[in-house]
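Two complexes, one shared chain (subunit A), two partners (subunit B, subunit C).
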Partner chain A sequence: MMAAFLTAVLAGIGDGAVYALIAVSFVLIYRATGVLNFAQPGLLILGTWVTSVLVVDRGLPFWVAVVLAVVAVAVVSMGVERVAIRPMIGRPVFSTALVTVGLFIVLLVLAFRLFAARARTIGDPWQLERWCLVEGEVTCAVSLYQHHAGKVAVTAVVLTVLGLWLGRSRIGLAMRATSLDQEAAMAQGINVGRMFSLSWALGGGLAALGGVLLAADGSVVQANDALFALVALPALILGGIDSFRGAVVGGIVMGLVSGVARVYQPVHAPWLGPNFENVAPYLVMILVLLVRPYGLFGTKEVQRV
Partner chain B sequence: MSINTTSRRWFAVAAAAALLTASCTAVDDEPEPAATQDDSTSEETGSNDETETETETDDSAADTGAATETDDATAGGEIDFAEGVTQEACPDAVNPDNGCIYLGVLSDLTEGPFAALAVPITDAQRAYWAQVNEDGGIGGFDVDIDTYTRDTKYQPAEHAAAYQQIEPNILALAQTLGTVNTESVLGDMDANDVVAVPASWWSGYSFQENDQGLIMEFGYSYCVESMVGLDWYAENHGEVTSVAAVGYPGDYGGDSAAGAQMWAEANGVSDVTVVPTGPNQVTGGQDAVVSAVLAAQPDVVILAVGPAEAGEIVGKLAGGGFTGRFLGSLPTWNPALLQSAAAPALTALYNHLSPIEQWDGTSEGNAAMKESLGGEEPVNAGYIIGWAMSYPMHALLEKAAGEGDLTRAGLRAAVDGLEVDFAGMAETITYGGDGADVAVSGLIVGTPSAEAPLGIETTDDFYQGSTFEGLDYTQACSASS
Partner chain C sequence: MTSATGTGEDRAQARGTARLTGRSRTLRSGTRRGRVPRSARRGRPRLYTSYDADSALLNTPAKRWWTLAVVLLALVAPFLLSRDLTHLLSVAAVMAIAGIGLNLLTGYAGQISLGHPFFMALGAYTGAVVAGAPGSIVLGWELDLSLALVLAAVVPGAIGLLVAPLATRVRGLYLAVLTLGLLMLGEQVFKQWAALTGGSGVGRAGALPVLFGNDLTRTYAVGPLLLPPHVSLYLVCVVLLAGLGVAARNLARSRSGRAFAAVRDRDIAAEIMGVNLLRTKTLAFALSSAYAGVAGCLYAVLIGRVAPEQWNILMAINLLAIVVIGGVATISGTLLGAAFVVLLPRLLEWLAPWLPFVSTGSGGLITIFQLQSILFGTLIVLFLILEPRGLFGLWHRVRTYFTTWPFSY
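So, the complex of A and B:
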């Protein structure tokens, strides 16, 4: 049973790393613009498609394709912000969020067009290779898939670099200033519109990378796998909708909750029904909302009454 | 507001409009709604037309491979018709002198979970009916399935709304995708006498208490598939002492798992493991399935999932030392799996099950289907499904027209006793019965092969097992949801 637990934890951390990456992509845009961008799933699957086309159809090396896909989706994301979101400045946030819902539908339909009813592969370097950590009597007792390790490594590197850049560069400082107070930032000579574009570009790029990591499981990916991005929402709520650290912690926790529930719930609580692991993150999210509505690391909203 | 802001807004509106235009679905732009007849109407055709129509209809049957024993009614001169049939020609009619039969399509064409399969299904249906029209139509009428094709996104609420919208203008449904979606409108279909061909294979369609005799299912159900598949496995790979059924809960995986359990009970096998799962975009991955199957170590695993999940499950289990085999249900296969890391495992351990001939089939219907694409291969086997599922509606329309009654009630009455020959693509079905009277069980078994069209090489044609034949098949194997 310990072996099953360890395997579930390792897989949970691997999945959680992808949740974390996607949750951070939401946070980036939310902090800069105050909008929860529901178009992220569309950007995610666009990144997967571009990577697949460049690797499978054009024969580019995987990592070159990933970088190009991330850049391409970042540009698309920036264009979407310029065309559809920028005109909404000054409008209620709710209205802007609804625009992103519309964008989500448009991008999803576009993704279905691009995939053209085909399943695709992305040619990732990990495929179905795995390391056996603990040998069993007959087969390997505890194993770690290389793609799970790869997901954790890529997420760690990317988020570390991003964190350092946001914390130390002038642009990163300007982005943070914009997220804190747009008018004050403008008064300091910061081009707020540019910061919006940049945050959408970064958010879109991270979503694209999340899509690539999602597809790296040795199987095929299809257009409707875009909806995976929405699974990151509980992680976002758990960590706090405006917290990078919260998004990372929330992603890992949700991956673990889901992974462990998969192994133990069918054995110890079968009365909860099949696929309870898909519900578990949302239950955690509801609990957190009841106790800490702003999440584990989110900013507590203070209202003058 | 500054001029700059105004022009930006107009630019934004124009860009949004362009995006929406680009996002148009596979559904054609809707032409002007055709006039419908409020009251039952009779159409008389001239003697010259009569002769021509009779000849052309026969050609139609030949070109699609369809076989019907019904005489052409226009030879008799009169056909009653009402809702969904007009004396006016179809939009962009192939035969401008013909009237028009409007058939509805409620499918998953853009963003739902089965869109990848549903789009080629619908494409094939359009090609099939275009061929029928090219060959003269049916009883002096062309058939239009474009005008009332609606994307229901695999959501029952969307399905019901779309049905309500198109119902006054259609004679029948050429396609209704998804069991739960179809069930959401079955009551209204009953009240409106709307007959439909489903793109789903729930065992409940074999019983009139579930479908009111309105659903013209084709091929076997997922439940029967599991039973016959396990018979085939036992005959070809040795005795089965343990089985695992992995699938989505509900009318797909649930029905498939119920079939595996019924087979096990009938064959004295007590070791059955049922592993429910969901699509990767919901579950994140199939590691839980892999762990559960590794723990159970069954001889054979029945899969009723999607292609991405099938590839991951088979690939990881094979890599984990699992030595059993896999039987995959109709929607589990996609040719792209042969480019995935799971390809060696799939080629070695997997067999694909289908109630319909695969692309390498040699039947008359298969040849007609291939001709419709001019030798090109479709993106996946959805095209085969769409072509094959058009035969029942074709035969029904021919029969109703032959009896001079193209009203909905006439169609509904014509279902009972209708024998549909699928031109060799699937087993002949006689509609109107219950359980074993209407259910078929012929199994096409395929093996993954990079050399075969659509990646599947047929290894067994219409295999018949013994377990299903011996069952007292009196009710659906599972609930639909």
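So, the complex of A and C:
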């Protein structure tokens, strides 16, 4: 009983790490440009596709392919910002969010075209290997898939490096200044446009990495899997749309919720139907928003007259 | 306002002709055109002289003629067009109803919603249960379509009322994701509730088209005109669209409509001015849900069979595209947008033979379906960047060109 729960929790944290990574990619873009980028699923699936092509068709080592894919998607993302988002500066948030919805469709169709309606694999370093943490009488009682551990490790390393870089470096300081107040940043000689490009590039790169990690459990990917990125949306809202810490916490929580739901819901509440774990995060999000309309760590908008 | 006695008022106006604006409070606001002496009107025959005339539904002769022309064209169209084109136009009319609903919420009241298809589904299933045929598992009471349409507005409207308090607490992008959650949860519920929806991947038929006791699957003769099923359905859709469209325009220029706009532009400022935020947002939500419900019911009737998977995020994006491409916060724009979005695939099909890079099968550079979606996304982006007022904005430019001619810039 306890063992099954622990296994579910471990798996949930593994998936949660990826959600956290994707949610952080949303926050990066939101903080810099004030846009909730609905096109993120498109960037994610693009990253997975590039990795797949490089590993399966070109035979590159997995990690080299991942780095190349992340860079490629970062460049695409930067281009997208330049072409579609830059002209929207100063327009209502709603319009800019809608622009990204338009981009989402374009990227999704592009993904369908690239995948040609077939499923692909990405070579992955973990496959379905697992460690046995607690031996049971007949089989393993508590097991940990390597890919779950790997997801947590990669996410932890990437987010730590990102956090340090944002906190300590000159460019990181400039980015934070831009997200606080664009005009003041401009007055201090910061090239705000470049900061926009940079945050979109980082956001796109992280999304691509998230996509690769999502797919890195020995399963196959198809274009439709882009919609998995939408699971990061409740995580993002749960944590608060503009908080890095919130994105990480929200991601882990949503991973746990969906992991535990996957194990227990079919047994205890089968009437909720198959694939309930995919919508459980939304249920949690709605419940949390009832209590805290700005999420757990989100900035509460000050109402001044 | 009580009207002043005749002669005194006339004299006052005669004196005030030189300073019309300063005297305008002596004009009767109740009559359609206030009484302005001929001399003041000279050279300005269409001068608005009352608030009512200025805010009238069709306040210029051009608008009156255009409306008449469009209504006539819409009524004649099904008798001139082929069966499938008529069907397509009916779908466009239905999507326009849903689009108007979304425009009331998103365009006028500024509440971003991605959950509109959820309410369409509610309307479709309400209609299907009330007026649909019962199947082996699905419910159906086989009542009249008129009752089904009313209930298809009431039930989603009521659910909208229930959801609204939650939606009024959160704003902007939070609301967008919240309504997306509503859509996802709704899809899950609809997939499970087979007695209502026929179940995942199976689906069920919509309401039976029996309107006021007349079975619309039969052909009727009205005078010299023959009304085959597709034409009568089209006429039902168009009449409903006209009624609901006029209702929405009236709402938009009423007290509530102005409250919507105030909330959209700056909700805190609106609240200070005495607009009841909760009431306004709730009204917007409930109304738009009711519109969506009617549209959903008709959509299911037209399409014939709807599966729970159909009410997904892509449909939400289609509806947003109708609002954005047509023109945010315009009703006539929404009609244009719906026609555009629904007819675009057909247009591309016609053009396909002349587009060398489009293939009809697999292989080739791009399929029609993909081209259509890409065009869709690109158009949303382009319209928002270049012409935020959409197709209506383009029309507006043309209109301004002619009204200001020869002084057009």
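Observations
Just so we're on the same page, the second predicted complex is superposed on the first by the 294 of 305 C-alpha atoms of A that agree within 3 Å, B and C clash if a C-alpha of one lies under 4 Å from a C-alpha of the other, contacts with A are read in each partner's own complex, and residues count from 1 in each chain.
We take it that contacts are C-beta pairs under 8 Å (C-beta built on N, C-alpha and C of every residue); 3 or more make two chains touch, one makes a residue touch a chain.
None of these values were measured; they are calculated from a predicted model.
Superposition of the two complexes onto subunit A shows a clash between subunit B and subunit C. In the superposition on chain A, A:138 makes contact with subunit B only, not with subunit C.
Contacts of A:105 after superposition: both subunit B and subunit C are touched. In the superposition on chain A, A:191 makes contact with neither subunit B nor subunit C.
In the superposition on chain A, contact of A:233 is made with subunit C only, not with subunit B. Of the two partner chains placed by the overlay, neither subunit B nor subunit C lies in contact with A:160. Contacts of A:169 after superposition on the shared chain: neither subunit B nor subunit C is touched. In the superposition on chain A, A:299 contacts neither subunit B nor subunit C. Taking the listed stretches 75-83, 129-137, 183-191 or 255-263 of subunit B in turn, the superposition on chain A shows a clash with subunit C for 183-191 alone.
Counting contacts by the rule stated earlier, residues 84, 87, 105-106, 108-110, 112-113, 116-117, 227, 275, 278 of subunit A appear in both its interface with subunit B and its interface with subunit C.
Residues of subunit A that touch subunit B in their complex: 4, 7-8, 11, 15, 18-19, 56, 83-84, 86-87, 105-106, 108-110, 112-113, 115-121, 127-130, 138-140, 143, 145, 214, 217-228, 231, 255, 258-259, 262-263, 266, 274-275, 277-278.
Listed in rising order, the residues of subunit A touching subunit C in the complex are 36, 84, 87-88, 91, 93-99, 101-106, 108-110, 112-113, 116-117, 227, 230, 233-234, 236-237, 241, 271-273, 275-276, 278-279, 282-283, 285-286, 289-290, 293-295, 301, 303-305. Touching subunit A in their complex are the following residues of subunit C: 106, 110, 112, 166, 169-174, 176-178, 180-182, 184-185, 187-188, 191-192, 268-269, 272, 313, 317, 320, 324, 362, 366, 370, 373-374, 376-381, 384-385, 388. Only residues 8-9, 11-12, 15-16, 19-20, 22-23, 25, 110-113, 115-117, 119-120, 249, 276-285, 287-288, 291-292, 294-295, 306-312, 315-316, 319-321, 334-337, 339-342, 379-380, 382 of subunit B touch subunit A when the two sit together in their complex.
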